[in-house]
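Please find one structure pasted underneath; my questions will follow.
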Amino acid sequence: MKTNIRGFIGCDAGYEEAQAVLFGAPFDSTTSFRPGARFGPAAMRAESFGMETYSPYQMRELEELSLFDAGDLDLPFGNAAAALGEIEGAAAEILRDGKLPCLIGGEHLVTLGSVRAAAKKFPELRLIHFDAHADLRDEYMGERLSHASVMRRCHDLLGDGRIFQFGIRSGCKEEMAWAHGRVKMEKFRADTAAEAAREIGEAPVYITVDLDVIDPSEFPGTGTPEAGGLCFSELLDALLSLRGFDVKAFDVCELSPHYDRSGVSTALACKTLREMLLAYL
Amino acid sequence: MKTNIRGFIGCDAGYEEAQAVLFGAPFDSTTSFRPGARFGPAAMRAESFGMETYSPYQMRELEELSLFDAGDLDLPFGNAAAALGEIEGAAAEILRDGKLPCLIGGEHLVTLGSVRAAAKKFPELRLIHFDAHADLRDEYMGERLSHASVMRRCHDLLGDGRIFQFGIRSGCKEEMAWAHGRVKMEKFRADTAAEAAREIGEAPVYITVDLDVIDPSEFPGTGTPEAGGLCFSELLDALLSLRGFDVKAFDVCELSPHYDRSGVSTALACKTLREMLLAYL
Amino acid sequence: MKTNIRGFIGCDAGYEEAQAVLFGAPFDSTTSFRPGARFGPAAMRAESFGMETYSPYQMRELEELSLFDAGDLDLPFGNAAAALGEIEGAAAEILRDGKLPCLIGGEHLVTLGSVRAAAKKFPELRLIHFDAHADLRDEYMGERLSHASVMRRCHDLLGDGRIFQFGIRSGCKEEMAWAHGRVKMEKFRADTAAEAAREIGEAPVYITVDLDVIDPSEFPGTGTPEAGGLCFSELLDALLSLRGFDVKAFDVCELSPHYDRSGVSTALACKTLREMLLAYL
Amino acid sequence: MKTNIRGFIGCDAGYEEAQAVLFGAPFDSTTSFRPGARFGPAAMRAESFGMETYSPYQMRELEELSLFDAGDLDLPFGNAAAALGEIEGAAAEILRDGKLPCLIGGEHLVTLGSVRAAAKKFPELRLIHFDAHADLRDEYMGERLSHASVMRRCHDLLGDGRIFQFGIRSGCKEEMAWAHGRVKMEKFRADTAAEAAREIGEAPVYITVDLDVIDPSEFPGTGTPEAGGLCFSELLDALLSLRGFDVKAFDVCELSPHYDRSGVSTALACKTLREMLLAYL
Amino acid sequence: MKTNIRGFIGCDAGYEEAQAVLFGAPFDSTTSFRPGARFGPAAMRAESFGMETYSPYQMRELEELSLFDAGDLDLPFGNAAAALGEIEGAAAEILRDGKLPCLIGGEHLVTLGSVRAAAKKFPELRLIHFDAHADLRDEYMGERLSHASVMRRCHDLLGDGRIFQFGIRSGCKEEMAWAHGRVKMEKFRADTAAEAAREIGEAPVYITVDLDVIDPSEFPGTGTPEAGGLCFSELLDALLSLRGFDVKAFDVCELSPHYDRSGVSTALACKTLREMLLAYL
Amino acid sequence: MKTNIRGFIGCDAGYEEAQAVLFGAPFDSTTSFRPGARFGPAAMRAESFGMETYSPYQMRELEELSLFDAGDLDLPFGNAAAALGEIEGAAAEILRDGKLPCLIGGEHLVTLGSVRAAAKKFPELRLIHFDAHADLRDEYMGERLSHASVMRRCHDLLGDGRIFQFGIRSGCKEEMAWAHGRVKMEKFRADTAAEAAREIGEAPVYITVDLDVIDPSEFPGTGTPEAGGLCFSELLDALLSLRGFDVKAFDVCELSPHYDRSGVSTALACKTLREMLLAYL
């Protein structure tokens, strides 16, 4: 008798043969307003079975890929440094084995762990970032490892001109000013992604999607809803426009499913992940 | 002392004088993911009183029509064949009496009962179908009478070239392939409805609206939300563009009100029904 | 030891030095369908701390303004006349002291109190009105002081040609007919606001925003959701297009937060208020 | 074709042959804290079909009674005096026709309308009152027709010693003091009901149940939850202990179903009504 | 890299060494009122990690047992006969391998599959049944395989005097009459369980817990809430009082988690399962 | 014009004249399962206005006390040590000024800050603790400053025999064993509180109430619901039985209002605080 406790839909391969490895980081300890992103990865696994494995957008089939779902990391609540270490370790192992790490957050800070692993392996790494918030503060309420500072910490690693932001529609005055000349920030829109990122060329790419880049009407399941966001189709078009780049790792973050009892946000998150898997593998 | 338990707003006529008859089919037994469409018709009756009877889109007044609300059919849970028989019987009676049957689902399978009655009376029947899902599987988990197979069963009745689909954005690989040359499927959009349906000409028409054709941001009250759908205005424009056709019956399906406690989905369903009544009578 | 019970974000000034004064009118007694707008002002204060004080749209900072939040008026439930008296009194005091009154509803009827005060001080007052509903009935179920009659009562004060409506998509046949030649009503859209209002010129202006002008997908937290509304960006563009006018007072109304447990509607209301404060001060 | 829009379960008689008549008063305009009791009667009708018609407590069958459900009265929001007039009229008509009026609230103020009709027909009327709140204020925020004053207004009609209260666990200092010698108030419990009411003897009785007498754990669907209430079995025992009295009319009030999405409160309200019908007919 | 997708807390053994095997039956197709028990097993697995593995009631530790969680069976929606076949097959396999089958429903009909397997292996089987509802109808809306008939079908297998019911507080008149002399029914209470079941002696026992035997205040997450139920402590005492019997299999059913968003019902279900595992192994 | 943004009901005094000072600690960063206690204090302030200021249990009036509500402390998320420092500072200031500190949590860890201040001022301090959980672990997932360790840290300060626990019904095997001879733990009940605490005599007392000591049926608004708890009346009786002791400070913790949308849990928390204020001042 075998167990039938399921991961994300279509993840039927063993680790060895998998091209890509999904792993969840159920962490939200630095969330300042409304916590709950810790429940994101589990919700996505359960809800994924309401979705087809076939994409009518790309006319590709998830079940034709080899995917492994590693489940969730065991992360210590309230200790961001330790949690990031765990995440970096997992991502590094997956990269070492020549597979694509697909991180499911959790709050956006978890991205830092995965970016660290990727930047170590690929020193020329570029970061493409979809988000409502710039996340460029140097610290937030005294904390440098904060969801509001994650892109600033990534900049510490990657340096000027390596981070490309899209859909930004919220930030404090100081971070917006700091960004000039350091990161390439496209406010309010994402349809310029392929064009703006053209300079990346052959360089290795990490793509991070804070799902609150989507308008809260389509994605209410998040802690800090910001009106005036992208619609799903705009995000999807932008993501598909990046298919030519050399994507080495990616993540989707900030689903907080308890704030959307309808399941709509979780379903959108699943569909985003399906499309990213089909696009970059 | 008379009772004051109300049907859908504006349905103040007796059966005899009514031009159109609303009837509910509170059935969701074949729903595979999240049930609840059984509660749709009752929710729509209650919520309809939050809406005006006047349409600023068509500048017409619902109270100037003669409408009868027959309430809900008593349908056996778990027996799709018997439920479809009940629905077909009711639709046939309404058609026989020269009135327009307006079915309120329930899951989308209920459409089959009403289409059977219409196709018997009007052998040249065409079917115009708005939906997120193609519903063209030959069977689902072994069942041929399933919400996921309803359009396939309609095709069994109507044959090639008689079904026109709009807004489709989900399906398995096999049904998408099967559809070629058999049904006219417009993916992702509906603004082509009038143009695509022009070949119908004078033939009798059945219009079925699976409300999940609407984007889940506007219509979260449904069991299998699919991001990237139509907005209400797009659906409304498409429905109004079909006013010239000879509509013999129609339905609206798949409102599952418990998944949207705000009442927004139910209100949208009511408004869709108001506009269809005003458009096709 | 001082108390740290907070008003709306950024309202750190005392009354004396404030340029603008926020005051809440937690009243919904004439609501006919689903009550709850009484909870709007308190919800906005609490949720406002999830929002930045900086606007990337106007590139202005709320904390650079001098704002005072007067909290909520104590209004008698079930006595519309008395409640309107309280609201008028507060607005008149703020106007007398040369400050901008910013009323937070409550149901839309509360606007009448504030408009009365403004019209007494500025006899040439014009009213710019964003709403899904025309609110032009002469009475509703026998009541002349009703949310459904508030614009009609404003017309009693201001006369023909002084009221400019945008985004209207619901009304009864009679009020739509009555409106012709009396108020300037733009149905379904608001992008014409600046153009349509050009004739106002230098005259003093009151702007009232019934937040249900926004589509219920983006703003489900309201009592009578009407599909087919504006998106936030459209409302924002319209509001910003009015920056040149001489705005003497404004309000935002009809947030009913209990109908949207995700917090999305409240966050949108806060952002609308932030942008209006930055635009008209 | 007949309509199948249903009233309360088991109400299959016409008005003429009915022994008892249910009528709803969907009114909550004087509610000061959290409105929503207006939705109570409709929720009870819908939910009643989840309940058996047979009582294992009384071993009696609802379908063996002759019951008529008159639906809801059309009551003007915001006008308590007019609403009470409508309610009194309906109750008087039912009493005149020799039937038992069974009022479904709505906020507790609606009881006053029904008590007026009963007191006119039965001048010796006694009132048995189950409630968490004493409802004995002379006015509330200036209003004498308020949910918080309903028993005081009944006392105006009935005089000293005619009102018997059970389960009271909330009141202001003044009303508690006023009650001494005027009403018989049992705090916190109801198991003394039959004993305390023994002095009523053959006199005609009106029983009013504010469902918030039940502990909010069992009945969360109410506007002002008060911990420390009765459990359902205690209320049921008390109600059944009153079977020997000459009950002329009764009501159940203050179900506010939106505050309990589980349906538990509504189901409890239905069961209470079933047991009262079986006990007093 | 191993996967970390978890079953029920404490289920860390492989199938081979396990003393007991948990398996879920996510089926609710015959539910007539409010569906959703299909989501019960998955919710219990996720919520179980909020609970300690140590029982202060029995002073025993779940981690000292050898438990295997087989996950959920894949059951065909809408086909009760086929679903029961799957359940019976799984239970028979577990019994054949000398382990304790612990079934997690799903609606109560699933019990029949497991009881069939147990009765085949243990012809002297007795059934101890905790439930709000008698479930003794011969058919329900024409269906003999229905949640409302499950105990009747078990009686078909086991015969008179073999079924012991506790906590029953709902049933139709006919089934209550039929029960006399055939099943031993204790209405409203369960504290007599050990005494009433004493006659079972050494015979093999199946225990089925329909969780709605608990009062809906403590367990609102169920489709047909019946006020006046047991509290958790009463159920626990009854279950622990049965420790001396030869329990061969058991189940817990009818958690419908969506109706209780607080998680309280799911937590109670988990705790019940923990205590049953500790009591009967 | 003065502001009307309100604290807890009845808190109308200035700091100087106040006998007792309420202060909120909106912190939940170490919560391991379901966060949200950070929203407790604000919810209690808003909900308190649905409650009378008069207690029919103690026949005392809150408005006759002098109370000051200091609002919420600004606490750094994710830094437990710093947060505890802030809390200790506020409690120390209030104690220094001869007033009663009344802390409103937040997760239970916040108690440690207030106990530290009290223990410094009153070295003979005893701690009376109502809770579902023992909270006696030495560390939790590596953290010594954790909600699950708060009583262990208090024991570090106070030593053996100074902590009296009531209502405990959950703990790991190790902490239950550790407790013997070190803390006085009453499992499952609290009616022995006065008797068990008699040995305290004249010594100064701190009372901490983790509201999850209440059964989750009455208090679902908490992160880790444990069936089988006290009812409100049992807790109230226990609290009132402690009126003779020399209470120097107290707290109520662990209301997580988002998990109970009905408002019932928040109302119970408010009532508990009202009764404690009336009992110990």
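Labels for the chains are A, B, C, D, E and F, by order of writing; each one numbers its residues from 1.
The working rule: a contact is a pair of C-beta atoms (placed from the backbone, for glycine too) under 8 Å apart; a residue touches a chain by one contact, two chains touch by 3 or more.
Keep in mind that what you see is a predicted model, and the values were worked out from it rather than measured.
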{"item": "Chain D and chain B - chains in contact with each", "value": "C, E"}
{"item": "Reaching chain C from chain B through chains that touch each other, fewest steps", "value": "1"}
{"item": "Of all other chains, the one whose Cα centre sits farthest from chain C", "value": "E"}
{"item": "Whole-Å gap separating chain D and chain F, where each centre is the average of the chain's CA atoms", "value": "38"}
{"item": "Between chain D and chain C, distance of the C-alpha-averaged centres to the nearest whole Å", "value": "39"}
{"item": "Whole-Å gap separating chain C and chain E, where each centre is the average of the chain's CA atoms", "value": "55"}
{"item": "Per-residue overlap in chain B, given as positions that touch at least 2 other chains", "value": "215, 217-218, 261"}
{"item": "Touch-based graph of the chains, sorted into line, ring, star, complete or other", "value": "other"}
{"item": "Contacting chain pairs - touch in the sense defined above", "value": "A-B, A-C, A-E, A-F, B-C, B-D, B-E, C-D, C-F, D-E, D-F, E-F"}
{"item": "For the chain C and chain B complex, residues of the former touching the latter", "value": "33-34, 168-173, 176, 187-188, 215-218, 220-221, 223-228, 259-261"}
{"item": "Of all residues in chain C, those that touch chain D in their complex", "value": "28-32, 35-36, 38, 76-80, 82, 141-143, 146, 258"}
{"item": "Sites on chain A touched by chain E in the complex", "value": "1-7, 15, 21, 42, 45-46, 68-74, 90, 93-94, 97, 261"}
{"item": "Chain A partner contacts - residues on chain C that touch it in the complex", "value": "49-54, 56, 61, 215, 217-218, 231-233, 236, 261-264, 267-268, 271"}
